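What follows is a pair of complexes built around chain A, which joins chain B in one and chain C in the other.
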Partner chain A sequence: MSQPAAYVITRSRLAEWVGQLLKQAQVIAPRTVHGGDTAYDVVEDPSQVAWDYSSSINPLKRFLFPQTEELLRWRRPGSNGLQLEPTYDETDRIFLAVRPCDVSGVLFLDRVFSREPEDIYYMTRRQHSALVSLTCGEPGEDCFCVCADAGPFLESGYDLQLTKLSDDYLVEVGTEKGRSLIAPAEHLFAGAPDELIRARRDIEKDVDDRFEEHKAYFAAALRKVTFDRVPDELWDGMADRCLECGGCSFVCPTCTCFLVADWPEGENGHRERLWDSCLYSCYTLEASGHNPRAQRRDRVKARFFHKLSYQFAKELEAHGCVGCGRCITACLGSNDMPTVTARIRRGAI
Partner chain B sequence: MPHVLTTCPYCGCGCGLYLQVEGHKLLGTTASTGHPVGQGRLCAKGWHAHELAASPGRLRRPLIRRGSSLEEASWDQALSLVAERFLAAKNQAGVGVLGSARATNEENYLLAKLARSAIGTNNVDFSARLDALPGLFDLPKYRHLSLCGAGLDDIDAADLVFLWQSDPVEEHPAAAARVLDAAERGIPVIAVAARAGQLAEVAEIRLAPGPGSELQLAAGLLHVALAKAEPPEGDSLAAMVANCTPDQTEVATGVPASDVIRAGEALAAAGKPLVIYTRVASLGPQGADTLMALSAFGKAAGAEDSWCPLLWLSSYCNFQGARDMGVVPYFLAGYQPVSEEATRAKFAEAWGAPLPSEAGQPSWEMLGRVGALFVMGDDPVSSLPDVGATREALSDIDFLVVQDIFLTPTAEAADVVLPGASFAEKDGTFTSTDRRVQRVRRASDPPGEARQDWEILCDLSRRLGRPMEYDSPSKVMDEIAKLAPIYSEISYQRLDEEWGVRWSLDGAVAADRADFGSRDDEEGPASVSRPAAPAVDDEYPFVLVGDQSLGAWAADKFVVNAVGIRRQQGADRRGQLPELWMSRADCQERGLREGSRVRVRSRTGEVEATVHVSDAVRAGVIALPAVMREAAAVVLPAATDPETGVPVLRPVAVSVEEA
Partner chain C sequence: MQNAYLPDLAEIASIRDETYDTRTFGLRFVDPARWEAFQYRPGQFVEVSVFGVGEAPFCLASPRDGTDTFEVTVRSAGSVTDALHGLKVGDQLGVRGPLGNGFPFDEVKGRDILFVGGGIGLPPLRPLIWDMLSNRGDFGKMTVLYGARTPGDLVYKDDLERWRGRDDVDFMVTVDVGDETWTGNVGVVGTLFPKAEISPETTAAFVCGPPIMIRFVVRDLLSMGFAEEDIYTTLERHMRCGVGKCNHCLIGDKYVCKDGPVFSYRQMKTMMDPG
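Take a look at the complex of A and B:
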């Protein structure tokens, strides 16, 4: 008998399922961390999963591409040479109840890090992870995933996709890995009847309509950026409003810039990589002392060129924005994606 | 829990952040969205805060001086030596203790307790205390100026914002973000500085008074605003600024009279003017008087009495708390004077030891006089204005102990170095620049043999014959709450439930406050002093300002030890020489370009620097980072405020030649 493409699980059984998942791997899910902040975080107990959250303060990339990550250790045993020990993270992780924009962010990172030469640190973590997406029935205040084609429902890319339907969750199976998350707890699930699958379609349509007003209307801005038709004064105005915090890079699910530092301790030592931001003044500093983007204006411009131009979108099959809205909160100025695209569209600050 | 909420260890804004941990490893930092200060935003310093704690530059073992080098030792060796030498010095040359604007409240409280009860001295201070308001703030009648009345939220409420000799972009981005928001809402911003900062770009009016004439500009603005307000006959403030007409102000400051009128009228039209300032203003040559004048802006604008027009931004995470805890020669915790017998009796009973009644010495006087000095988390070499004198005074001290997380310039001179814990490794509280007491939470362990600072202090106190026993910093806070009325509402439980608690100024500010213009004496009404601008001539044609917020990266161990911050601040871009900011016009005239090597000479010394061509300074004015003390100090001679005798930074006349 062929296996169903979708299941259904009642809300009251979720905890038991999570308990099962916790035996299989480390589970990372939305969790209330303090006073109403929700973050993707390691959960130790099924009751910690914040199923009804709106969005998380951190993107998933923190777990696949940590802000500070040890790459290798070196040792000099005696006089002959150097011993290198790479430090790969092979922990099995299940990312549970992750918003579709964040899943899309991971898919974007997959494309960046799998280009040759492949980033073995990221890919190792990724091979040991499973993505369980949770669709959005209600647009969050800052969300605009619809314009980035990154949510509120996904067609593919997930291992499992959950959709809340009154008392039940519809569980769509995307991959065999997804199916393996259900298998050990199969008694908790039932095959989804056709009317539930139809109900999910109806919800998707309804949600899409409600997301309408959350659109950032990318198209016009994309053209202007691609053909460099944004007046310099606009970039100047945005540069005045950039305080070089790097926050936009750090909360962005698709930003991947890093720098590498070596830390010697006597004869031994270790190498780390640390997140970097293209807005920092030393980002493009060359060893000669020359800095092609010494002006903040040039750095702001370069950032949005990378995010929005067709050249980059073609290479990575998507624009570098998934519409999560985190930069709206993080930016000390007002250079968040919706504001910037609106400025570019109307040609004024 | 892998996400640990804590408070940023950098500036005094007090943004909330989460440390992301795995096991005991710090993986990263995330902004807290619900936190009332940052509201999901952090500056580069905050975003890289975990790098500070994880830095390989951390001190890991106690060190004892043997000849010219510091060598590793055991805790027992180090602390026995410290106890022995302090017990001896106590009865001879005298002892001093410096606390820290970066240590927690609990640590500062214990240090002050140790000094007063176990060593028996009121020589308790921290060198950055100078930042707030030169010396004056210890006199009760000026305390309304030094205890900041305004808070960060007042930036959202203000209808006019002055950036007074400060651009919060440089050291306090959380405040800058709110100023940007205000500008976006159409609130007028007036930027006042010899060197224009980034926010000057969004300012409606820019004023560039000649260095040393800021007081005269403030008086000129008061003159214009008061003329509009028609104050009553005999008003002492109006009388004081009667002669400070726009024309006179132009002569004194170089700011065009028309700009003085525009800005003065904006002040008159405002109902809630807010003046944002930092140590650059208070350490200026007439800092105390300038701040007095600025505190009158509320009155001149006709603001309600309850509106405080001054927002002081401290450069350190716990500047406010160190003072609250009585790390001040004249106060016990909660600004309770050591001179009051009843206060001493209250503390003596709680501490089980008699307290000294004799007033202590402030840091800058203490250094040259004591035989033994204990420094916890302070770095007078980097904070006191006169670096040469500070170094000399430190080398004269028989026995110097430094407890810190990095080998600071002060620690390099020490006889014993004790490795402490960073913000990420301890429980405690910081008090923000606007008096928000917030939790610092332990997320990882100190490196190597480094220990919790409060435990080191308790260990030492026991060895000094006065045991202090606590289970945890939470118990220390309970004791503080009992003894210091301003902290009576604070407990860890309450801080855990909320996002920190702002302590109330009610009752903390003395009623007999001295206001600008109210200092009448027998000689008639007070008058505004003349500018403290240096005289330039053909030989020394430039006015050089030592700029506190320029290049903080170079000297500060908290910056150089966090890769990301170094990168954002541009430290990796610059060489070893300090950067000299010079106007395009002056550079053209002298054939200097970006990066040119120059020699800057004053009447007292000379220093090499590299030129940074900038539109931020006007012709004739040049700026050098004051924090690169070694370099700047030789051309920026030591100066003291004539009225208070407190060290200040004065602009000087210099020449600049290609090296």
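Take a look at the complex of A and C:
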């Protein structure tokens, strides 16, 4: 008998399932953190999962591409001669109840880091991780995933996709890895009857309809950025609003700029990579003192070219935006994606 | 899966002073098998690690010849290059590469070849010049023009003498400012163009040097009638990873580390970045 493509689990049994998952791997899920925010974080107990959250203050990026990540260690065992040892993180992780925009963010990172040459540090973490998505029944205040084709439901890319119905969760199986998360607790699940799958479709349509007011003008921005038809004064205006804090880059699920630094420890030491932001003035500064993007305007332009141009959209199969809306919260100068695309479309601040 | 960020260990086999602030290091892989796999073409580069200080990109400055060493020429200008200058023969460092695309070679066979180097811009051209001289019959007329700020800034003085002594290459050198011993040409490298016999229609030009020099030389070559696709140069950008991941060297959608560092002027012209 073939296995069902979708299951159902009642809400009261979720905790027991999460208990099973906690035996298999580290579980990262939305949980309430200091100040009452919700953030994806390691949970130690099923009760910590904030199932009814709206969105997480951070994307999953830091678990797969940490803000500081050790790449290798060197040792000098004798008087001369070095030994190098790379550092890989092979921790098994289950990302649970992740919003579709953030799953889309991970899928974007997959494409960035699997391009030749593959990034072994990211790929190692990724191969040891499973993605359990939780679809959105309600658009969040800043959400525009529908414009970025990144939510509020996913067609693929998840290992499991959960949808909250009235008292139950529908569980769609995306991969064999996803099925293996159910297997040890199969008694908690039942095959999903057709009417529940229909109910899920109705919810999806209903949510889609309620995204009416949430807009990012990607098509207009793509054309103008690709063909360099954004007036310099507009970039100047946005540069004036940029504080170079790097916040937009750090909260962005798709930003991947990094720098590399060595940390000596006596004769030994380690090398790390650290998140960087292309908006920082020394990002392109050369040892000679020459800085090809000394003007902030050129840095703002470069950032949105990378995110919005056809060249990169083609290469990475998507805009560098999943519509999570975090840059709206992070940027004090309103250089967030919906506002920037609207300015580009209009040709004015 | 290969680890694109993990260097191979190499030791310093030789150190040669080029100028008051520039040295050439001969490097040899600790693992001899690594050298076998280290097949590179002129124009490619390596990331060199001084562990505890960091990593920086340097062009491969010597042809892959019968030895088991390769050279990088380093001007002391920042933390990694200063640390490199503090090392001695036998010290170990890390090497990743070869990286980048390299100069066209087979593609320009049968053409006349013009090299224009400025100061520390000669190192990327040097292995190409020697490779072409080793396959001299495959190329037409060869001209090498080299300029530096002062006689003290000229690198590879042995090579310069050997090129000067050959009758199958036209070689000229100039300095912006001479000194009491200098009896040669004075003026920027572009002042050598009228003295050289160059046929723009049949010639491919390879131009390396500081950005200001490249700008003026390209302008001169275009006004002489060179086609945009016949002018090749190398671009420099601040780099971290060297493999198209960290994004520091992006110009528009082109990674200098991966799509370059060699670009034709026709390609460069369409690249969107200012500077």
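By definition in this document, the second predicted complex is superposed on the first by the 348 of 349 C-alpha atoms of A that agree within 3 Å, B and C clash if a C-alpha of one lies under 4 Å from a C-alpha of the other, contacts with A are read in each partner's own complex, and residues count from 1 in each chain.
Here is the rule we use: a contact is a pair of C-beta atoms (placed from the backbone, for glycine too) under 8 Å apart; a residue touches a chain by one contact, two chains touch by 3 or more.
Model, not experiment: these values are computed from the prediction.
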item: Overlay on chain A: chain C relative to chain B, clash or fit; value: fit
item: Partner chain(s) touched by A:A261 [first = chain B, second = chain C, both, neither]; value: both
item: Touched partner set for A:Y121, first chain B, second chain C, both or neither; value: second
item: Which superposed partner A:G246 touches (first chain B, second chain C, both, neither); value: first
item: Touching partner for A:Y283 - first (chain B), second (chain C), both, neither; value: both
item: First (chain B), second (chain C), both or neither touched by A:D102; value: neither
item: Contacts of A:D159 with chain B and chain C, given as first, second, both or neither; value: neither
item: Which superposed partner A:D37 touches (first chain B, second chain C, both, neither); value: first
item: Which of chain B and chain C A:N291 touches, first, second, both or neither; value: both
item: Angle at the Cα centre of chain A, taken between the Cα centres of chain B and chain C once the superposition is applied, in steps of 10 degrees; value: 80
item: CA minimum distance (chain B, chain C), superposed complexes, angstrom; value: 10
item: Chain B and chain C footprints on chain A, overlapping residues; value: 259, 261, 276, 283, 285, 291
item: Residue ranges of chain A in contact with chain B within the complex; value: 31, 33-37, 39, 41-42, 57-58, 62, 66-69, 240-241, 243-247, 250-251, 259, 261, 263, 265, 274-277, 280-283, 285, 289, 291, 329-334
item: Residues on chain C engaged by chain A in the complex (per definition of touch); value: 1-7, 9, 30, 49, 51-56, 77-78, 81, 90-92, 94, 211, 236-238, 240-241, 243-248, 250-253, 272-275
item: Residue ranges of chain A touching chain C (in the complex, touch as defined); value: 71-72, 74, 80-82, 84, 86, 112-113, 115, 117-121, 123, 228, 256-262, 264, 269, 271, 273, 276, 278, 283-288, 290-295, 298, 302, 305-306, 309, 311-312, 315
item: Residue ranges of chain B touching chain A (in the complex, touch as defined); value: 1-3, 5, 18, 20, 22, 26-35, 39-44, 46-47, 50-51, 54, 56, 169, 173-174, 176-177, 180-181, 184, 198, 201-202, 498-499, 563-564, 566-573
